[in-house]
Amino acid sequence: MHTLTVETDTTLRGTSTNANRRSIVRIGTVEIGNGQPVIMAGPCSVESYEQTLATAEEVKSAGAVILRGGAYKPRTSPYDFQGLGVEALQILTRVSEETALPVVSEILSTDDIEVVAEHVDMLQVGARNMQNFALLRRLGQLRKPILLKRNPAATVKEWLLAAEYLLAGGNSQVVLCERGIRSYDPELRNTLDLAGMALARQLSHLPVIADPSHATGRRDLIPAMSRAALAAGADGLIIEVHPDPANALSDGKQSLDFPEFRSLMDMLFTRAPYSTLPSA
Amino acid sequence: MHTLTVETDTTLRGTSTNANRRSIVRIGTVEIGNGQPVIMAGPCSVESYEQTLATAEEVKSAGAVILRGGAYKPRTSPYDFQGLGVEALQILTRVSEETALPVVSEILSTDDIEVVAEHVDMLQVGARNMQNFALLRRLGQLRKPILLKRNPAATVKEWLLAAEYLLAGGNSQVVLCERGIRSYDPELRNTLDLAGMALARQLSHLPVIADPSHATGRRDLIPAMSRAALAAGADGLIIEVHPDPANALSDGKQSLDFPEFRSLMDMLFTRAPYSTLPSA
Amino acid sequence: MHTLTVETDTTLRGTSTNANRRSIVRIGTVEIGNGQPVIMAGPCSVESYEQTLATAEEVKSAGAVILRGGAYKPRTSPYDFQGLGVEALQILTRVSEETALPVVSEILSTDDIEVVAEHVDMLQVGARNMQNFALLRRLGQLRKPILLKRNPAATVKEWLLAAEYLLAGGNSQVVLCERGIRSYDPELRNTLDLAGMALARQLSHLPVIADPSHATGRRDLIPAMSRAALAAGADGLIIEVHPDPANALSDGKQSLDFPEFRSLMDMLFTRAPYSTLPSA
Amino acid sequence: MHTLTVETDTTLRGTSTNANRRSIVRIGTVEIGNGQPVIMAGPCSVESYEQTLATAEEVKSAGAVILRGGAYKPRTSPYDFQGLGVEALQILTRVSEETALPVVSEILSTDDIEVVAEHVDMLQVGARNMQNFALLRRLGQLRKPILLKRNPAATVKEWLLAAEYLLAGGNSQVVLCERGIRSYDPELRNTLDLAGMALARQLSHLPVIADPSHATGRRDLIPAMSRAALAAGADGLIIEVHPDPANALSDGKQSLDFPEFRSLMDMLFTRAPYSTLPSA
């Protein structure tokens, strides 16, 4: 019933893999997809220079190698905080120079491509824009890395075909990001689909990372899901960190504070991930 | 919006945890929940003494400590193979004695409780029966361990409340099993909800295991999902293994053959699960 | 991609239709499936003789022809009201005799088949038990009409195959009931799947009714959904009515009070359902 | 548990209704929301002048009052037919003049707003762009009617908040369109959520129509779902019609041919929608 026809699907011209070829995407000096998991971290929204710098320094010292931060925020309501825009981009550039961390930030509109591309090292296409084909086509002509989030109602194949728009345009620097699919349990913001993530990684040569912050919407589940994502083969993680989550302008409930992030990094990379086989 | 009220919910009288208390459930000499992951493995259906014995010996030598095998099979169609019933139970008992592996098998009906309880060490309540309250009430009166699978459309709270039926009846030897929720991608049989599994484990003191075979329906994703489930905190795994999956009477597509299972166990318990932090 | 193979599926031996044959199921003098929509109504739970009689008289005078009322209630929590059991069955029998309304009530367990079948005219298999195959097999041997609700995560084919268990046992007096599938919008209890209902009616010869009360969980949407279900071809409706919904022991939010039910029946059967074509 | 807080939600500043106020949106001489259902029909894609004219004349003579036709097509794969673009817009304008039917067509990109607005009477925001906020903001500044389709994973509230972007910009000529939510049954392309549609209509003053073509993906279910949508209160329908569905460049499986559309219109507006109450 579930025929596995994706691999031979001729529409996956650019993304499908053969001979176990795997791509590496370079963001500055950082490589995504080389076998070492890459951690991107930072605030949901850039709120000020001070908040961004403090967060960048903290996440760098804990082991993150890319700074994330929202300048243009896609908000369900037009009356919610929409991001600082160009001002946020300028803050990101300044903090990036001061910390030597490359920066990823979301692009919402074709109108902003030039200014965003000028200020950041990697452009994120958010979940709501995964099938904004006008945007994808324009980003396909860019020569900057793209982080393509999965739409919460997209199949793995639809996600790969969205990436195909980028590759068809000539931009092969694409990293996929699983951030949870829509589901029915009110205790969780979304359902982190690690099997879908593993399948995307198996069917394509593109690096794939996971976003446990948006996927769960709950600070207390981020450690377990971060560990699980890496164990499932993720090439990296993107995690929301804020100096004071309770007063964040967006997504505070799912943001880690500094000690929580440090503890997560310690757990992921220092302690033994799980125990040895019990004797029968 | 997603208030996390489950913990203080007075309806979770028996399952909710306090002071980090965690239960250990004993199946013969095997402990589930003691920090060491427990692997249950075996065929979807018991088809013959020879098939069951060969599988039991193989999975034991690879490190499994509990034998699974279906005697009564819940089948979507009344015209499909329904299991060998009592004959299968007798085979399971004989193989259990010969291999010293305790046995878990599914119970479909209150009518069969006595005969199933007599032959097996742990009774499984399948996903379709998670809210078969008549069955749960009778199993609450039993003094044998129960493996309670999550229904593919159940919230975490509904799952815990189903367990509550067992505990309210006096049977506290309950292990929860996440086996995938219903979703929309035709490439995958279900969506393995590891965050839901981690949440269930966080909200209750009961051990929780994962079933990557049913959750994915795809042999090629079982290794990644097994590793991810353990990394997310699973107390164990239940995995379908068959000497000849292509000719299995049920669920062949998701069954591992012997070398695949051995390779999985080697990957899970011998090799390093994931790498160290990349330098920035 | 969506091949429509159900019609020719050889597993639908009993339910699939040919030559536009449609079955009529008789409950006492009431026919379901003869082209005239049949309204079943009554309280979620039988709470007392007085409440049941008052409701029965009211719904009958408004046009309902079958009385519904729960004696055994499937409840998510073991600590919630579980129904009055045999006492409720006796109340239903008495009220049925006094009002000449046949009665439908839910059966939860094979243990109760005899006593329920003795007291009611039609046995309901609830959504949670749609794949309780032990129950379905026993009800297949009964010679009483069955109301088979769709499980909130079942495909149309799985629903028809559950009916197939009843027909394979020799009981062809089966009515299907769509009661909403699980979905993600917190404003609605479930999603009423009228296309699934219409498809089930198209693929099989069995009558199909809709339950707008459980499907929406909201009193204010029941009129629109009742009308839509009949327009989509439903052979009837089952609707929860209570003398005092605010004090109902179960499902008060989705129960109509007496004036609301009367107004619904008036709207469904008296007023013109929708207007004529606008001029261009 | 499901508190109905949307109505008083202060974020629904522009869309929420009071005192049963309902808006009427005018497309040329056609009014949507005046109590008379409005039928929009036409091909999925504009393929040629001849195909478009033939379809327009046919659907007009059967009672449709607005012509639909895709010029820019959002396609899951970049290698599929993407629409004729400006050439299609010119065809639509010519056919509109010759048939006196106003035209609705999809807008995919802010870059195309000027040219699309010049050629068509109503701009459609497709399901994939429901949360393309850059596009919504620009369309909020336009003074042309907008048809806003619901994203297949959007809650009713998220859909209304997307409309809020248009109204906040000053464009109050907004019609909502329910076109099916993502679900799990492979027999159906989507699940038509008529309760969600009715709820959107109840919570806002905007007209709401249904798209049974995309919602079901099956020609054989369009009549039943069209009837159901109108019975649930839809202010209109949008239906795909093609002279030769088997050779359509897109969505042939869900397109009606001319006799099927005529038969649908006859059923909807001539014959009695459903029967009278059966006698008990």
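Order as written gives the chain letters A, B, C and D; numbering starts at 1 within each chain.
Keep this in mind: a residue touches a chain if its C-beta (ideal position, glycine included) is under 8 Å from a C-beta of that chain, and two chains touch if they have at least 3 such contacts.
What you see is a predicted model, and the numbers here were worked out from it, not measured in a lab.
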Reaching chain D from chain B through chains that touch each other, fewest steps: 1
Of all other chains, the one whose Cα centre sits farthest from chain D: B
Rounded Å distance between chain A and chain B, as computed from the means of their C-alpha atoms: 32
Where chain A and chain C are represented by their mean Cα positions, the distance between them in whole Å: 46
In chain B, residues with contacts to at least two other chains: 153, 182-184, 186
Footprint of chain A on chain C - complex, ascending: 182-184, 186
Chain A residues touching chain D - in the complex, by the definition given at the top: 1, 11, 13, 74-80, 108-112, 128-129, 131-134, 137, 151-153, 158, 161-162, 164-165, 168, 182
Contact footprint of chain A on chain B as seen in their complex: 2, 4, 6, 30-31, 34-39, 60, 63-65, 100-101, 153, 155-157, 181, 183-189, 191-196, 198-199, 202, 215-218, 220-221, 224-225, 227-233, 253, 265, 268-269, 273-278, 280
